[in-house]
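So that you can tell them apart, the chains are marked A, B and C in the order they are listed, and the count of residues begins at 1 in each.
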């Protein structure tokens, strides 16, 4: 089977949570339904071998998006295609299993992502047993696996992430945060996936440990040909790791660009604002536009463009008309467009 | 040179455990001048939060101050009776904790928080206190005041709550504010706002700040001087510009090199091998020596004190010049 | 407030300690040994349990063998009292049975019923709690409403109900055998709600944790996830409840037997003995009621103390 260049395709993905009060209370108080549009129509593709970063703040919906991509959360609308296969629409359990095997996830909290009652080795071995295959074996469900073979694979994985064989016998609480994250990475690699979703993989780690883990992830990507979807709020991390970046705000992608371009020439005002807000370690004294307001409540988003209350360029049109993602930016007056040449006011 | 506002000398904090005392802070010394912002940066387990708690007298037992002195405006505060310490807390030292949600009592209105504190530490009437509270909230940038002052904490967003907490810390006009990770729980865009508020208000009220955080970027933006902590000790202390651009201590060097920046996609981030030692297993000599690329024999045996390098200090034998340690004296004697 | 984090060993420091060594060093054992009264309670419980298990060998006589009981020995005071007989340490009852032996056998019955009913209640409660917590929605609602209804019926009522049912259904076959089962089932049924509620709460917390998500990710079935991942993590509070319930079960059984709804006199538990003895209290033969009561009280107290200690000792570990 040939490997298409486009590994992951997300089409018009939505996730809507019903956070209304119970029906009786609503009836009595005459309140309408309240819907939380966590993800409100997201489209992107990820090519094989690349790292696609998604940045956003709290309430942007990036974690919800991650969970939908990997199949933990059922989308309200839209599709997620892994190598052209839509797992949610497939009935065939074998096909579903195959898709599941190809993708894995690394979670944010190293203290909650490992079962505290299991040994590290068992945690890493579980996916191997679940998918019923040893290292790189053929598609054979139900093939008995030698314990020795599994143990060998576990040892290999431990070594790959920089841990020792003997660490497999230990329990999670005997490890530090960085080491636990390595175990989580080893577990993610156990089923030989093609695609790994990383949900804030280093946000809970110290800076020096973060450097180790990010280096490890890059090395593994080179060695094993992995594709990453990296979700984070840390712009510096995404700059270091990602080849393409998408910026999310209140459930929508407002800009997608190659990493280089996004950071050098942001086109959406929110992106510019985010970049300006990052504390200046280099202390180069660059000019910063003042930042205003906070992300609004996702249950009650502003009409039109969700960013308009905080946008320095907001015009009448922005208050009524929601901009669609066009040419990879969702803005009526993007920063590099013709309208932005030093003029304000409506068209 | 004016007298320092806060002076910490050889502070040692221990935890009594079943297996003997555990040393969490091992001889910390630093000063904070009036109105200055000192950043205390370090990774988890370095002891930076403990330092703040020790100063303000909120160490949970079995932690206790085993040795050292803490002086505030010339007066010792580490050995005060709890009642005395309570007077100092709030009035002379304000504190800002990390999580604004748990710092505020969910059952009290925001205005009540402020008024209660103002009344406790001043002799204003309730009406005057309320006016002062409104003025403070205005200073921290909370709009629609008359309505907001009677709101409950959960009705405010995270950034707003942290502004309230800042107002609360400043309402008794303290000389020193200890801020423990004030922006860590906030979004990036809100972080920038809160840092600006903190800087502005402390300058206006003339309060000094001890800013504890693991985020070097926040320190670079905010602090005047910075102390880098490692395993319960201070590794380096000096002006923030100098420490960030040209760190002296190998740990500080490693730390700065490990931080990714917006500049570009590097091949690899510089990484420091290993991790911070457990408190019960701190190596002999310099605590950083097993991970230090520049360690030599002396580092493994003798613990370096803070050695002066210009107007900075670094606890590293690489900078030992003319300090007359025992070895140098020995060499001299043998000549 | 942040306490210093004890960083664990670096990767590469791989000296596994032996299980026993690790256990001996643990905080749990230290907590146990540090309180003398808990050690005493543990020792007493152990002694009583062993005595109960080995009753047939430890007891001087078999009090329920009619061949060895002589009515002429009946109502003999304990050995150390006036008029006592050297053969009977604690005296005899109205049938000539040796009290010491009767107590040992009674202890056996009481403990057996106690343990079995706790196991039954626990099994039902944990299972339903896991299902309710994980599934949520209407399944959760139904289970919880059933639990609420169950709570309105005290063990005694259930025992009476089940006893009557058993009589009717089994048409008065050997009442002795059914009595045992009826008791276990009715006491067990009165317990499950506690387990269910606790486990349900813990399950609801654990199911959102990332390690459960990781298990879902590799396609494990809910049953497997519940059994292998969630169950080990919610067992902590269950152990505490179980120890305390054991004491309650024993008392409940004693009450039921005392009221005459429990075991027949041929298979007496401590409760039955107390009931029998009560009749003779005011005629001067105090030992028939005193010693079983004392044993029961000590057993229940010891088990309760152990349960309390366990709850406090496990507390810092609960997330």
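To be clear about the criterion, a contact is a pair of C-beta atoms (placed from the backbone, for glycine too) under 8 Å apart; a residue touches a chain by one contact, two chains touch by 3 or more.
All values derive from a computational prediction rather than experimental measurement.
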If you check the contacts of chain B and chain C, which chains show up for both?
A
What chain pair has the highest count of contacting C-beta pairs?
A-B
Of all chains, the one whose CA centroid lies most distant from that of chain A is C
Whole-angstrom distance, CA centroid of chain B to CA centroid of chain C, is 53
Between chain A and chain C, tell me the centre distance in angstrom, where each centre is the average of that chain's C-alpha atoms.
50
Any idea how many Å lie between the Cα centroids of chain A and chain B?
33
Residue list for chain A, restricted to those that touch at least two other chains:
176
Residue numbers in chain C touching two or more further chains are 7-10
Which residues belonging to chain B are in contact with no fewer than two other chains?
44, 275-276
The chain B residues in contact with chain A across the complex are 43-44, 157-160, 187-193, 195, 214-218, 220-221, 241, 244-245, 254-255, 258-266, 268-272, 275-276
Chain C touches which residues of chain A in the complex?
67, 70-72, 96-97, 100, 104-105, 107-109, 112-117, 126-127, 130-131, 162-167, 169-170, 173-176, 179, 182, 184, 187, 191
In their shared complex, chain A is touched by residues of chain C numbered 7-12, 14, 16, 209-211, 213-220, 229, 232-233
If we count contacts the way the header does, which residues on chain A are in touch with chain B in the complex?
57-58, 176-178, 206-212, 214-215, 218, 233, 235-237, 239-241, 259-260, 263, 273-283, 291-292, 294-295
